[in-house]
Structure formats: structure tokens, C-alpha cells
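Structures follow.
Next come two complexes built around chain A: one with chain B, the other with chain C.
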Partner chain A sequence: MATIDCFDKTVRDVNTKLRDFVSGGKNDIHIINPESLHNLAVAITKAANITIDGSVGYYCAGMIDGPTIRINGSAGWGLAESMLSGTVRVNGSAGNGAAAAIRDGTVIIEADAAARLGVSMKGGLVLVGGNCGYMAGFMGQKGTLIVCGDVGAGFADSMYETVCFVGGEIAELGTDAIIEKPTEDEYSYLSRTLTLHLPTKMEAPGFAIDRFKKVISGRKLWNFDNQDWETWREAM
Partner chain B sequence: MCGIACYLTKINGDRAPVGNKVLHMLNALSLRGPDSAGVALYGPRSKHLLLQVKLVDTLGEAESNNLQELADHITNVVGKTADIAEVSRTAEYLRLKVSFGGDPKTLERHIESADKEVEVLSMGYSLEITKQVGSPVNLDSTYHLDDFCGSHGIGHTRLSTESSIDLSHSQPFWSHGNPDLAIAHNGHITNYRNLRCKYEQNGFHFYTQNDSEIIGVYIGEKLSMGMTLAEAMHASLRDFDGSFSYLAATEDSVGFAKDPFGFKPLLMTETDGFVAIATEELAIRAAFKGNYNVHEAPAGEVQAWQL
Partner chain C sequence: MSNEQDINQRLLQQSSTFNSQVIDDIQSKAELGRYRMRGYGTLRQRTWATFDDLTFIPSTLTRIPLEGYRERCKTKTILGSRYAKKPIELEIPIMITGMSWGALSFNAKVALAKGAAKVGSSNTTGDGGMLPAERENSKVLIYEVLPSRYGINVHDLLSADGIELTIGQGAKPGTGGLLLGSKVRESIAGQRDLPIGVDQRSPARHPDFLGPDDMRIKIEELREATDWKVPIFVKMGASRVFDDVRLAAKAGADVIVVDGMEGGTAASPEIMQEHTGTPTLAAVCEARAALEDIGLYGDVQLIIAGGIRNGVDAAKAIALGADAIYIGTTALIGLNCNKPIYTEDYHKLGTEPYHCHHCHTGGCPVGITTQDPELMKRLDIAEGAERISNLLLAMTYEIQMLARACGKANIHNLDPDDMRALSLEASMICGVPLVGTNKVFSDGPGWKSKIGK
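Then we have the complex of A and B:
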């Protein structure tokens, strides 16, 4: 196991060392004393297991392609932004814009996510154990967004083909978002996914998979139609 | 891209290391803006009114002697209507402790009539605001705030985007005319001109061209109408447009408000012993060791603590 101590190091030093370890074939890397530094572990484009022992600041694990990054703490704004593939797991909460514009891969936030979770996601899986804030899923193009708890206002606004599942209450749906009952296949997908990534959630008292609602695009904003003028005006 | 920070003790009464904690957080936030830095610290309640008076906007060496004359003149003016318990001067600040039974606004007017650059930067029974142009790292070396003990405090480090960089435009802002009320703001209040116009028509005097000043004026007005700090801050979410995370503090309460879109970051932690709030988590981690959870305050959230 290789270890990088952030104490008294600049972010550039830490990331350079991390990149050296990854390209040198080290597979198990621990980053200690991160003290919420920004931009940690960005643009790592090879497979590796990276554990960050503590909270991280803004833009952690952005633009990664392949690694598995575990954060034993919470994360600031822009977690895993624009990632291509890999897994990012935070056992605390995440700030605004987590998993924004990801193309693929998996982002797991065990506690809560703040506003603008998974906006403009183009693929992949975003899974939140707790609640999420305002405007999650905005303009989501593909991929799956699962929130076990409650979601804030403006949920799934102006989406394309992202599929969302919500276990708790929806404060308010965004423009052109509609609720559907999940199919049996989708319930079984949810069970498998939660068992795999958040098994303690499944075992929590009162947890019921059939509480999940599915939220998808109503497709009214996909093509302009004069009759939908009110919907457009609201969206603008 | 300013940085704001807040600390409040839940267990140490008015003997917590407020100066040390707020300065630590501000130093960690200094990269967000080195234009000016300041703290509003709340110590044990004094029976005297504490005043921090700015003598000039920028301190030049040649002005030093004249400043003492100006300070003496102001002290004489104040002495005519109030009993002065203590006077001291550090750099461009005159600090006075007085017994005064009248309207604080009258006292403020008397002091500010001494010279056009003279401004009362803070007034209160436990509040003391100290701020300066430049990075927070210089704040302690000039004013020795590290050993300041009290119950709570807020701080600000500024990246100027609109108005001038001088002492008057530095934050935290004291809400003129309202003893012990201070605010620190990160963001832009975009309907500031309209709000300011409305207040000016009602006789309010504004000291700066900074949009953040409206927050103190607004909260001060709401408090004087009988609202609690939390109620006033909730009301502000309806009346302010733009992007903002701001902190407001009185002698016995402190809180934050975040705009309904969540445009500006604000991270917070609350333990059994303390509450810490900052623009970046690294500021909280720099000031407080140990295990605790930090989370982003939700968009449109107001939370206030009563001491």
C-alpha cells in the first residue's frame, strides 16, 4: 500500500505524487490528512483503488476515467464532475453539483447531497443514501439517478432520458417531469443496485422498495409545439 | 468570491476563544480574496458602549500626528455628552468605551461630524469590529485579536468585484444605528439599487457603494419592528434577489441565510460544543480538530442560534 500525507503539501504535490503512483502500477493508495483540500485526485485516468481518509474540498475526483475512489468523510462542490468511468464513494455528504455531467461510472453518496445533484448527466449511476437538494437531475440526458430519501424542489427539470428513482418525498417536480410507477424489472434492478452499493439501507427498519417512485421526462420540451407554449414559458 | 466564517460556542458562555477560531478560519479562506479582511467579535457584555471609530480611509505616515489631534478632538466631542471610561488608538482606529444613555444615532452623528472620513465602524455592548485592507494574515499582527474571548464571532475576507477597496467597504459591516448588529456577505444582491432607493427615501443614510450594506440596514429595520433574527433573515429570502450566503449576528444570536438557488457555497457543522460555518470546509477543518460531520447548507435555508 502506498500512502500520501497531505500535511504541508500543496494540492499539486499531492496530485503529482498520486499520478506517479498510479502510472507506476501501485493499485492501493491511501491519501491521509486531506483537511478538505480542493481538486484532489482529479484526472486520474487509470484503474487504481484510492482511499482518501478525511473530508475533501471542491472538485474532488473530477474528470476521472477508471479509478475507484473512496472518501472517508464529506465532499465539497463538484464531486466527480465530468467523470468518464470509475467509482466514487463518499461516506459522508456532498456539496452542490455532485456528479454533474458525468458520462459513465458510479457515484455513491451515503449521506445527503446538496443542490444540483447529477445535473446534465450523460450516463452512469448516481446513488444517494439520504436526501438531496434543489434542482437534482436538471437536463439529465442518460443514466440513472437514485435518491433513497427526499428530494428538493425543481426535481428532474427539463430532462432528456435520465431515469430517476426517489424513495422519499418529492418537494416539487421540475418542468416536464412526470411520476410513474416502476415496473417489476425496475424494482428488481433497484433491489440489486441497493444491495450491491448500500446494503445497510436495505436492512434499515421501515425500508420498503415499493415506496420508490420513478421520475422521467414527460417529453413535452423535446420538440417545440405551439400548444405547449405555457410549458415552455415556465421552463424559460 | 469572498469568504465568510462564523463560530459560536454552545458550552463556554462568553469565554470561548472566538478571536483565535474566527482568525484561523479566515486565514484558511484568504485565497478567496485578499482585498480586505475583518472580524466582528462578541465579548462579554459590558456596561459601557464600545465604539470603533475609523479616523481615515488609508493610513499614511505623515498623517500620524494629525490623527492623534483628530482622535483627541473626537474624544472631546464625545466627552460632552457621554462619560468616557477608556480611550485608545491603534493605527487608524480610535476605540472608545463610554457610558451613554441617549440615542446611539445622535452619538454617531456627533462623532462623524468631526471629519469627512471619520466613520463609526462598530458600536455595541459586546460587539467589536476590526477590519483592514489586505489579507487576513495581517489582521492579527496589527490588532492582536488571537486572544479575544467571547461567545461568538463572524469574519469576512473580500475579493472586490464592484465597489472600492478601502476600510469603509471592508466587511463585516456594522448596521449603523443598531448597536451590536453585524453582517458578513458573500455574493451579490442584484436588486440592491431598488432596495437602497426605497430606504433612502425613508431617510436612511448609506456609507458605501457596496451592495452588502443593504443587508445590515434591512435586518436592522426588521429587528426594530420586533422580528427575531431568524424571522428577519427568512423575510430577506423573499426580498433579496441575487446570489448570497450571508451571516448576521446580534449580541445574543447568530445565523446564516442562503439564497433559494444555492448559488454561493456555505458549509456548516454543529456539535454539542460549537457551531462553525464557512464558505469552504477547509476553513472549519483548519480551526477545529477532531471528528465531526460537515455539510452544505441547503439552498433557501435560514438557520439561527439563540445564545
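Then we have the complex of A and C:
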């Protein structure tokens, strides 16, 4: 395993070394003492297993395509933003805009996510073990967003085709968001996904897969309708 | 009584408050049940100070002109020298601004790329990501990172010669893009990860940062992603220009793009185009003053956009402090926008050549702002590219002509003292003397180097 010690290094130093390792074919890379540096491991475009021991700042794993990145700590804003593929797992919590605008890949936040989780997501899977803040899923275009706990106000506002599942309470639905009961296939998908990525959730006392609600777009904001004043007065 | 002869001409007086345009606006909204949308930018009578309120004062006895057709007048333009390892080098200072594939047709995007490349200039992607054909046909391509992040792709970003972090645009600062359902066809919907036929409303804010402190980190992310090789631009609609430019410069931008109120768009609420923003003339003055205020004028390059029509407007903007100029609507007009051809199709849209601002409909009669394959065929890529390269060169020659007449061997040596104001307002805004007075009225935009004092 290759190791990079961030102590006393700039993010430039760390990212340069990381890219050297990845392009040199090293598959297992361990980053220690990240000290909440911003912009760690951005734009990594090859497969590699990268473990970061400690909390990270803004935009960690932003714009990646392919690597598997595990953060043993918490993450600042914009975790994995705009990723194309790969997996990012945080065993703590994540700040605002986690998984913003991702096009594919998987983002797993074991604890809580702050506001605007998965905003403008265009594909992929976002999975939160705990709760999330307001405006999660805002303008979500495609992909799947799963929150095992409670979600804040304005949930799933103005979405296109993102499909959301919530295991806890929804403080308030966003404009044009509607609740549906998941199908049996969707319950099976949720069980498989949680078993794969967050198995301890499935084993937790009182956990029940049938508590999950499905939230999707009501599609009333897709095209303007001057007869639908109730919906559009919130959106125009 | 409907007989024309029975109309009393003396009583035919239109209200200046409720004139025909206002009546049409009210009745349209009563029909639509929403605000009006259209393309093109402001249609208002320009009662504010513009570049037309300035005149060059070429060399006579106090200065020596250069020979107009003999002596060299350099036009090379360098952008991004502050931090980028590879600043952008352009042969000319006129660049093509960001316009999306979606708003524009494939043929228009490729023609712009080819035309700009031919004369050593650049073009910019737009809200919808990068077209492979755009990269293949560009010499210098700037990749826009917009609030919507439609089509965001790290590989495209890494292939770009510059990155433009777009905060807003001059035609509609403070709002996101619009692409009405008629233009969201299969290919555009696929590129943007949207359902076919939706009225696409882009976000007004970036999904992962809010203010300038966060933006500083975002800019660093883009630099880290690109190994600090390419310049990072920050583009904004002209609003509180003095403060916004200082914030963008302090956040680490290499290049700041200020897009004035006269800037164009393919679709926007009409009121945003008509009643928001700072005019381009005032914007360039405030932007320069801002960079001077923080000691970064010259270190951070300034690109001015918004209704620049010709080399004269461009030369005046450069004299006031711009390093380069973006054109959008002017480039589209160069591609035949509003040309009196296919007149019957203008009529289908309810308009006429020279009056068309129906980019939002997708029915562009000349194949520019459309996704209709039949209409698109009307814009031949090779011919379009030739027109763009001709236009860019012609504008550059105009700038050179004015610079030589003012005794400048480099267009970037044009300065405010090469001009005089034709109106009191222009003198106050630009800080250049009013003709016939040799006085600057007010302190201008607050430049450190006062002109005429």
C-alpha cells in the first residue's frame, strides 16, 4: 500500500503525489493526516482504492471518474460533486451539497448529510444512513436518493426523474413532490442496496424496510400550465 | 365610422404611459397567465450612456499616428497570466462567448468553433456541456462550469484550454437559463439528462457553493483538477460590478468576464432583459476601477461582453480597460440571424427580418437557434465558419485602425485619454473629459489614474 502523509503538505503536494501513484498503477493508496484539507482527490479519473484517514474539507472526490474513495471521518461541502463514476463512502457526516450534480456512481454517507444533498443530481445512487437537511434532491434529474432517517423541509423540490426513498419523517415536501408507496420490486431493491452498502442499518433494532416512502416528481412543473395556479405560484 | 377618411388625425394621440407596446404586453400576459419570454436581449430604446457617447480623438499635432496600412499594430492577447501555467494566447482580442448546444444548433456551434479557430481566437461551450465536434474544431476552447452542470464531464473539462465559472449573464443576472420544451429534443435531452420536451429551467445558484468565500475554494478545486495549467475565468452579469469584480479577483480568478445589460440570450423572461443589470459602458468602467482598487489591474485580465456590435465598441471597451471582448449576438448576426432570407418562415413566427427575437421558439428561420434538422440545414457549417472568421477579422481591423490613428502600435495601449465624452453622463461614468470642456465631470468610476486632471 502506498501512503501519503498530509502533515505539513499543501493540497497541491498531496494531489500531485496521489495522481503520480494512480497513474503509476498503485491500486491501494492510504492518505493520512488530511487535517480537513479542501479539494483532496479531485478529478481522479482512473480506478484505484483510496482511503483517507480523517476528516476532509470541501469538494473531496469532486469530479472523479472511477476510483473508490473511503473517508474515515466527515466531509465538508460538495463531497463527490459532479462525479461520473466510482464510489465515495464517508463514515461520518457530510456538509452541504454532497453528491451535487453527480452523473453516476455511488455516494454513501453513513451518518448525516447537511442541506441540499444530491441537488441537481443527474444519475447514480446517493445513500444516507442518518438524516439530511433541507432541500435534498432539489432539481434532481435522474438517479436514486435514499435517506434512512429524517429529511428536512423542501424535500425533492422541483425534480425531474430522480427517485427518492425516505425511511424516517419528511419535514415538508418541496414543490411538485409527491409521495407514493414503493412497489414490491422497489422494496426488494432497497433491501438489496442497504444490505450491500449499509448492512448494520438492516440489522439495527426496530429497522423495517416497509417504513420507506417513495418520493417522486408530480411532473406539474415540467411544462407551464396557466390553469395550475396552485403549483406555479410557488415556482414562478 | 371605420372609414379611414373619418379618422380625426388630431385626436389620434397615443398614451405615453399605455402606448401600443404596453397594451400588447398587458394583453399578452392576460392571455398567457405568466410573464413573457423571448430571446435576443434588451429591445428598449437606449436612453442611457453607451459606447456611442464616446469619440476617439486621434493624433494630430500632440500625437503621431501610425501609417494605417503599413506600420504594425499588435493584437495578440494574453489571458490568464496570474496563476495559470499555460495562459491563453489569442491572435486577436475578439472571442466567442458561451452559447449552449441546445440554445444553438449543432451547425451553429461548429461554425463558431471553426471560424474562431481560423483566426486564432476562442470559443466557449455553454449550458449543456461540450460537443465533441466543438473540441475537434476549436483552437482554443473555454469550458463553462455553470450552475446547472448539464453535461458536466471531467474529461471535457480536462481537455479545455480555459475554465469559465459562470455566476450569471448580462441579459438576466440573478436567474438561470431557460430552454423551452420545443428545443429539448432527444439529443439535447440526452446530453442534459432531462426528459424530452420539458421546459428546462436552469438553477440560478451553483449546487455546491454560495458566496465568494466558498467560490475561492471552488476555484482552487478547478485548479487542482487541471493541475493549475489552464486559466480560471469567472463570468458574471453586470450588477454591483465594483464589488463583484473585487470579490471575484480576491477569490482567485485569473480572468473576469463582465457581461453588461445589453447582453443577449436565447430565452429569458422579458422583464429581466429589459429591467435588470448595469449597462456595458458603465460595467467596464466599474470593473477597471475595482481591479485598480485592489491593485490587480493588469494582473487579472478583464473580458467585456454585452451588446458589443463592432470594432468601434470593442476598441472603446479596450481603451476603458478591457483586455478582450466577448461577442454573442453579433456573431449570430454574422451567421445570418435576422437576414432577409426565408422571409416566409419569419412570418410563420409572426415577425419579420431585422425584428426577430424568437430564438426561444426553436423555429429560427436561418438555422441558428433551432434543433429542427430541416431548419438547421440552412446554416452551412463551412460558409458559416467563413463568415465568422471574416467578421472577427473585420472587427479587429477596425480596432487596429482606431489604434493606429491614435498613435498606438498595440491595441492594448489604447487608453481612456484617447477618447472624449459626447455626453455629460458618459463623462461622469467614464471619467473622460466632455468634448469642448476639457473637464471630467464627477470622479468617474474612481480610477486611480485620473484622466484630464
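Criterion: the second predicted complex is superposed on the first by the 235 of 236 C-alpha atoms of A that agree within 3 Å, B and C clash if a C-alpha of one lies under 4 Å from a C-alpha of the other, contacts with A are read in each partner's own complex, and residues count from 1 in each chain.
Quick note on the criterion: a residue touches a chain if its C-beta (ideal position, glycine included) is under 8 Å from a C-beta of that chain, and two chains touch if they have at least 3 such contacts.
Remember, it's a predicted structure, so these values are computed and weren't measured experimentally.
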I'd like to know which partner A:Gly123 touches here: chain B for first, chain C for second, both or neither.
second
Should A:Val11 be classified as contacting the first partner (chain B), the second (chain C), both, or neither?
second
Touched partner set for A:Leu37, first chain B, second chain C, both or neither
first
Chain A residues touched - chain C or chain B, whichever exceeds:
C
Just to be sure I read the superposition right, which of the two partners does A:Gly92 touch: chain B = first, chain C = second, or both, or neither?
first
Is A:Ser55 touching anything from chain B or chain C once the two structures are fitted on A? First, second, both or neither.
first
On the A-aligned overlay, A:Gly137 touches which partner chain: chain B = first, chain C = second, or both, or neither?
neither
Which partner does A:Gly78 reach: the first (chain B), the second (chain C), both, or neither?
second
Touched partner set for A:Gly174, first chain B, second chain C, both or neither
neither
Touching A:Ala111 in the superposition: chain B (first), chain C (second), both, neither?
first
On chain A, which stretch or stretches are contacted by chain B in one complex as well as by chain C in the other?
38, 57-58, 77, 96, 116
Show me the residue ranges of chain A that touch chain B in the complex, using the header's touch definition.
35-38, 54-55, 57-58, 74, 76-77, 92-96, 111-112, 114-116, 133-135, 152
For the complex, give me every residue of chain B touching chain A.
260-262, 265, 267, 280-282, 284-286, 293-300
Which of the residues in chain A end up touching chain C in this complex?
11-12, 15-16, 19, 38-39, 42-43, 45, 57-59, 62-65, 77-78, 81-82, 84, 96-97, 100-101, 103, 116, 119-120, 122-123, 139, 141-142, 160-161, 222-224, 226-227, 232, 236
In the complex with chain A, residue positions of chain C that touch it
32-35, 148-150, 152-155, 157-158, 181, 192-195, 197-199, 203, 207-209, 214, 217-218, 220-221, 224-228
